[in-house]
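One chain, chain A, appears in both complexes that follow, with chain B as partner in the first and chain C in the second.
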Partner chain A sequence: MTTAPAPAVGQSLARPRAKRLVTGRGRYTGDIAAKRALQVAFFRSPHPHARIKSIDVSAARALKGVVLVATGADVAKHCKGFAGIHRLFKGMKAAEQWPLAFDRACWQGEPVVAVAAETRAIAEDALDLIEVDWEPLEGLGTPEKAIAGGTVLHESLGDNIGYDGTTASGDVEAALAGAAVVIEDTFRFGRHTGVCLEPRSILAAYDPSDDSLVVHESHQCPAQQQAIFADLMGLPEHRVRVVCPDVGGAFGIKQQLYGDELATCIVSKMTGRPAIFIADRVESFASDIHAREHVVKGQMAFAPDGRILGLTVDDLFAVGAYSNYPRSSIGEASHVAALTGGPYRIPAYRARVRMIYQNKPPVGHYRAVGHPIACAVAEQLLDRGARALGLDPIAVRRINQVPDGTASHKSHSGFMLNGLTVEACLGKLLAGFDMAAFRREQQDARKRGLLLGLGIANFVEFTGTGAPYYGESGAPVTAQESCLARLEPSGHVRCLTGTTDQGQGTDTAVGQAIADAIGVSFDDVEVISGDSAGPVGGGAWASRGASSGIEAAVRAGRALRDEILRLAGLILQRKPEQMMLAGGLLCDAASGAELITLREVATIAHYRQHLLPPGTQPELSMTRSFVPQSQSFITTNGVQLSVVSVDPGLGDVRLLRHRVAHDSGTVINPMLLDEQIRGGVVQGLGAALFEEIHYSEDAVLGTGSLMDYLLPLATEIPDIEVAHLATPDPGTSIGAKGAGEAGTAGAAAAVLNAVNDALAPMGAHISTLPITPERVLAAIAAASSSHDTKPGLQG
Partner chain B sequence: MKPALFTYHRPGTLPDALALMAEHRGGARVLAGGQSLMPLMAMRMTRPEQLVDINRIDELKGIRDTGDTLTIGALTRYSEILRAPLIADSLPLLSEAIRHVAHHAIRNRGTIGGSLALADPSAETPATCLALCARIVARSSAGEREISVDAFFEGLMSTALAEDEILVAVRIPKRPAKVPHAFLEFARRKGDYAQAGIILAPSHGGVAENRAVVFGIGSTARRSAALEGAMTNGLSAEAKAALQQEVTAIIDDDEGAAYKLPIVMTLAERAMGRLKP
Partner chain C sequence: MSGPSFDEPEVTIELTVNGATVTRRVSTRRHLSDFLRDDLGLTGTHIGCEHGVCGACTVRYDGEIARSCLILAAQTDGSTVETVEGLSDSGEIEALQQAFLARNALQCGFCTPGMLVTAADLLRSVPKPSRDEVRDAISANYCRCTGYHAIVDAIMAASEKLAVKS
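Showing the complex of A and B:
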């Protein structure tokens, strides 16, 4: 008799892939050897906005080692144009794009000419020889300038407003008029990006003999890329295959289509040779998608007891020159409208969002898309309201929170928020945190000229996007996940999943879930992801790996287990329901007595079918899919706490503590989950204090390298304490909710609140991220000049 | 990010290196630790035609006790300076400063000569050598000369080194550990170049004058007369006003640096506080 082994789900198993990566055996796109491959480099626009009068590539073409120099017009002959429209957003306008600019460049860094050469160095030499006669046009470097009525970026659109939409509920004017306190402010969020260890990379191999295209790409969504390349290049889709091998971080940067990547595929078609493009770090700043350039006016109205009476949000979302294809760039603003104040009951609400075109690279879907904006605006307004009313900010949160246990709450923005646990998360966050001691320490520190501050930020998240959101968009984006589970003749299991892994450990979690679903040990399962020739799935985005990808895997695993039990039943002449499969052994369900090994069943099913009853057809590969069909998102929530010190003499902010409590639903791998939260927090802390891509008013790029784009380093980050709630999502059997973006969603808001808590005694506050020394000093200076007597530090 | 084509030389002796510098006068660049030069070349912001790698030249390496001074070979790595007992005993200010330079990997390659030749206004080593009253030893095929550090930094990333000269060593008056000093900088992240920094090196037996250096603002690290006076007379209101005037004059030519004024003032006050016994 055997005792069933402990389930793999719930264990902190290490990622098998990690060992390979840390020992230098990663297989990234750039590691894939392709015979006769050409290296592609792009001539990029040095101007934010300029007409191309002529291009002279003759000297570049003549350089030894150069095989192809292709302009925008050359490349455009091999594909269709594309425009990033999301049809769910009525009235959205987007200009058509091509792989390379051909009559006009609309941002500094837009690709203009592709050079393919025997080496990257030669290709870069050739770039130096390209002569473009430019006619510079006015550059739009801020959303305010773009809506001021001057230059129209795309004449066909009429103006620079790509979308203008309002969400409203209740009587917001009455709420503002009848409030004890209305806090109003304008928040500015700097442009930043996701910095991946592995830059964007693509290796395209077109074969003219069968009109096929095989692409290896550092990307999150191979199935989407297959559909796009086939459609835009006019290739039969079943002859296009996109493989995403090891991917060194993605964070949404590798989620949509880039012109330079499509151009690389076309270079391969034009030359008949494989073509590889690996973005370097410097061009990444000018060509990767950016994120979060928002100017948000917010007003929050309070009753004397701290109840929120109403909220207004007016978001100018400056996306860049184009809307991304195929998903569009609207995501951030739509999340701002949907989620600002999400954790609270707000009787009156109005949110206007405008998506603004200007001369910068497109904004895409960087980790936590829009959530950090929604969170920072609401949580800072709430803190300021509490301060104005002389109330405890935590108490004000508590009286406004959506009560736990509400199965389904219709938010002020009209979304169904299911199973929120706002109070439980807040309780977990504060458990073991001595608030009184902190407030004493804060008082003491002030006497020494050091300002300490504490900030809390509640947030609601949209994760695991369901069918309606992209189903309505018109884009080739599936919310469905699929998994194929295959029994090997040895009794091992190989599993192909449509969800993908860029370092977060999704493959491991899929392996754990499927091992349990079948009844084998984790070590006996191999998970393969990232191939568009495998089961069709959406890939990685919207924190959907666990909720959708694993659900599909569980369903495939159960189907395979049922088939194994059926076959074992035929072999042993027993009823399948009287047996169970655990740890690779088939046992009697009642007594646990061992009956036969899985290996024996597999061997018979693969090699000795003649031993089975006549008419038996074993099915040893099972594919199952799962899609959240009717709901737009799986909703969840969390809360973060930050403690900072501010040195008022230097404007220096240091992060001292950070805590997170989050409801991730069923926890599949506690270690991976903790590290997902921590990694997300770090990116949010980067947004809070460090990361900003600088542009001038005229949209000239001022950020050149990682010397001036500051990423948080381990030395800047405090220990991040993470606690989980595990309220299963009722919509799936696994019950997991999204967790990959939670850290990023609330971290910056918690820091903003902490810094403003620290600055409060000086009468200063900050409404701009990132919080740089320059901005802190300016806020302190503004506060002291706006008072007759300097407030100084009260002891 | 691939460098433009260049010819690579790796001479084994200083005379050979100097001959190459003379032969390619103007077209040749010295490669030391490569921590600044290689990224600049990769980004094609600089395109030397000839690269003279000095890493195999032993006479440029190491720290020697030369009586009242220490002589540090140009090719001495930051990490060696941090480990050297001679430095700990006789130039603790230098090791304190270098602890603020970048990270282990960079300190293992980067050299004191490279940092001085690069003359970055925010770098710790040039500013500290200025505070320590160092002399720079430069050699060309025509001979050797010593340049006072006060005359060495001429402007933004530019020095008194001639095109065919190699910086061979830096000679620094010893400064015993018991002599007080202050080194204070503000960097956004640990290991970053300084936003601003203040170094105070009061006079002692080896150096007859107070030396105070402000770095991280303007085109080069500079001495501050206001602070040097304050080191004797205290940081009075007048001294503060004088410092404020000095700093404002520097910052006015430095786009986007206006916000650094309060930072420099704070650092100066705190640095002065550290000098008190």
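Showing the complex of A and C:
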């Protein structure tokens, strides 16, 4: 008689893959050796915007050790152009792109010429020998400049507005007119990027003998890349294979097609040799996708008791020179329209979003796409409304929140937000936090000339994207996940999943879920991911591994378990439903008595089929898939709290505490979940205080290294306190929701609110992220000069 | 891979890497990080910036931690270099490795070798550090994934375990 082992789901298990990584045995793309591989380097545009009058590559070609020098026109002979249109957004305009620029460069850092050489050093030497005759054109460095009616970046589009759309509900003009208080402000968000510690890397190996292409790529979406390389290069798709080995951070930066990566595949095709491109840090800043350059005008109208009567948002979203391929660049702005004020009942709403082209690298889907913008705008307007009305900001949140458990709440932006737990999360966040004591401390500190502030930020989150969003887009992006579970002759299980893992621990979570679904121990399951030749799936994006990826694994695991029970029933001449499989043993379901080991069943099924009844065909590999077919997103919510001190003399902000409460649905691995939240928070804290890619008005890049692009360091970040709610999502058998983006979604807003709480006694406030010392000092200076003219405005 | 040389000036170096003597001809402009990765196949040393800021390339160089992307291979003649592979094989960083695993103090793992080499250096000089001392010691090693909290926990746990042992 055996007792069933504890389920793996719910345990803080360590990640098997991490064992390799802590011993220096990781296999990142740059670690993979390929015989006869060429090193590729790119000549990039030094100008934000310039016509290419001529290119002279003869000296570069003549350099010893250089094998190929390919211009944009050379490379374009081997592929099609591409444009980042998302057909769900009617009227979207996007210009065609090519791997390398050939008549015009549209951002500083755009790749222009590819050089392939025996060593990277020689390839870089050759770059210095390339002569381009440029005719510089006007550079558009801000969205305001881009819509001012001057230079049109892509003449075929008519203007620089790639998309202009409005979402509305209720009578927002009446709400504004009838309000006791209307808070209005313009918020600016600095352009930043993911800064994966492993830069983008690709090793492409084309084989002319069978027209096949095998690519190792530091990427999140192998199946998507297979489809894109095959389509754009005109290769038979079944002979294109993309493998994503260990990936050194991705965060949405490694989710799209990059011209230089496609060009590397083409270099391999042109030379018949493997080709390696690894971006250096400077070219990462100049060519990785960027994110978050928004200028948002917001208005929030309040009744005297703090009820929100209406909200307007006008988002100028500066996406760069092109719309990103294949997903387009609209995601952030569409999420701003969909999610601003999401946690609240708002009777009247209008959101206009415009996607603006300018001379910078394309914007893509960096972690928490648009959420931080939506959250910061709404939560800061709400705080300012509460302050103007003399009400407690937490009380104002409470009277406006969507009530917990509302099964089908249709938001003011027209999205179904199901089963939100805004109040429960707020309760968790505040439990054990002595708010009264903090307010006393804040008062005391003020007397000593110290500014302390506390900020809270609620957010609603879109996770686990379903079929409609990309189904309508026209892009080769699938919301479907697949998993193959295979019984080895020894009784171990090998599982191949279409979802991918860049450190989140998705492989581990899949292993936990499938171990339980089959009835084996976690240690007896091996999970393999990141190969487009395996089961097809979307890969990692939009916090979908825990929902869609795991549901596919559970279904494959259950199918394999059913087959094992069927075979065991035939061997033992018992009914399958009278048996169970647990811990690798088949037992009598009623008594728990051990009947046969899984190993014995597997051995017979693999090697001794003659022992089975005639006509029995064992099926030892089971593939199952899952797609959230009708809903666009699994929605969830969370709340964050930040405590800061502000030095009014130096403008310095110090993070003192940061708390998060988040509803992650069923928790599969508490430790990995906490670390997803913490990692996400700290990226949001970077956005709040440090990270900004500077460009001049003419779009000249000012931040090209880690010396001038500031990232959060260990000494600047406090411990992050995390609590969870676990409200299962009804759409899957386990009920996990996404969590990878929650931390980033709300962290910057909480800090912004905290800083403004600290500055309130001085009548100052900040509406621009990141909150740099200069901006703090400028806000204080602006407040003191306006006090001189408008006494009594102090909030 | 020691690729074709193409008339670049070269020197011969002899040094000790992870306890073994290594003799190679290297281009005078080759960085130690590239030498370790490409000439010796020690790919545990990672390259995150090549300008001395991120700490991913940290190795132990003549007993002190150093950024291998800022050192030329040519200047390492006669020196002793230890990488994450060597410190793993010798067992020196085992307590740290176990603590990193148990606490999930790594996600993508790209910063991890540099972080471990740096943490080992801290624990050699300060066996019982405070949390702030740990944060200070790793403040020049960037981690983009974890937000540092778990790394600090893991280094603290390793220091406690080592204290019990000794």
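In the analysis below, the second predicted complex is superposed on the first by the 788 of 795 C-alpha atoms of A that agree within 3 Å, B and C clash if a C-alpha of one lies under 4 Å from a C-alpha of the other, contacts with A are read in each partner's own complex, and residues count from 1 in each chain.
Here is the rule we use: a residue touches a chain if its C-beta (ideal position, glycine included) is under 8 Å from a C-beta of that chain, and two chains touch if they have at least 3 such contacts.
Just so it is clear, the structure is predicted and the values come from calculations on it, not from any experiment.
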Checklist entry - Touch check for A:Glu774: first (chain B), second (chain C), both, or neither? => result first
Next on the checklist: Quick check for you: in the superposed arrangement, does A:Ala121 touch first (chain B), second (chain C), both or neither?
Outcome noted: both
Checklist entry - First (chain B), second (chain C), both or neither: which does A:Phe690 touch? => result first
Checklist entry - So, A:Gly248: does it touch chain B (first), chain C (second), both, or neither? => result second
Next on the checklist: Touch test for A:Lys64: chain B only (first), chain C only (second), both, or neither?
Outcome noted: second
Item to check | First (chain B), second (chain C), both or neither touched by A:Leu650 | outcome: first
Checklist entry - What is the contact status of A:Ser705 with respect to chain B (first) and chain C (second): first, second, both, or neither? => result both
Next on the checklist: With both complexes superposed on chain A, which partner does A:Thr715 reach: first (chain B), second (chain C), both or neither?
Outcome noted: both
Item to check | Partner chain(s) touched by A:Arg281 [first = chain B, second = chain C, both, neither] | outcome: both
Item to check | Of chain C and chain B, partner touching more chain A residues | outcome: C
Checklist entry - Between chain B and chain C, which residues of chain A are contacted by each of them? => result 119, 121, 280-281, 705, 707, 712-713, 715
Checklist entry - In the complex formed with chain B, which residues of chain A make contact? => result 119-121, 124-125, 128, 280-282, 649-652, 690, 704-705, 707, 710, 712-713, 715-716, 773-774, 777-778, 781
Next on the checklist: Touching residues of chain B toward chain A in the complex: what are they?
Outcome noted: 1-5, 39, 43-44, 186, 188-193, 195, 259, 262-263, 265-267, 269-270
Checklist entry - Given the complex with chain C, which residues does chain A contribute to the contact? => result 14-15, 18-19, 21-26, 28, 30-31, 33, 64-65, 118-119, 121-122, 194-199, 246-251, 280-281, 502-505, 671-672, 675, 678-683, 705-707, 711-715, 717, 719-720, 743
Checklist outcome for this item: Interface with chain A, chain C side, in the complex: residues 1, 3-4, 6-8, 27, 29-30, 37, 41-51, 53-54, 56, 83-85, 88, 97, 100-104, 106-113, 116, 131, 134-136, 138-152
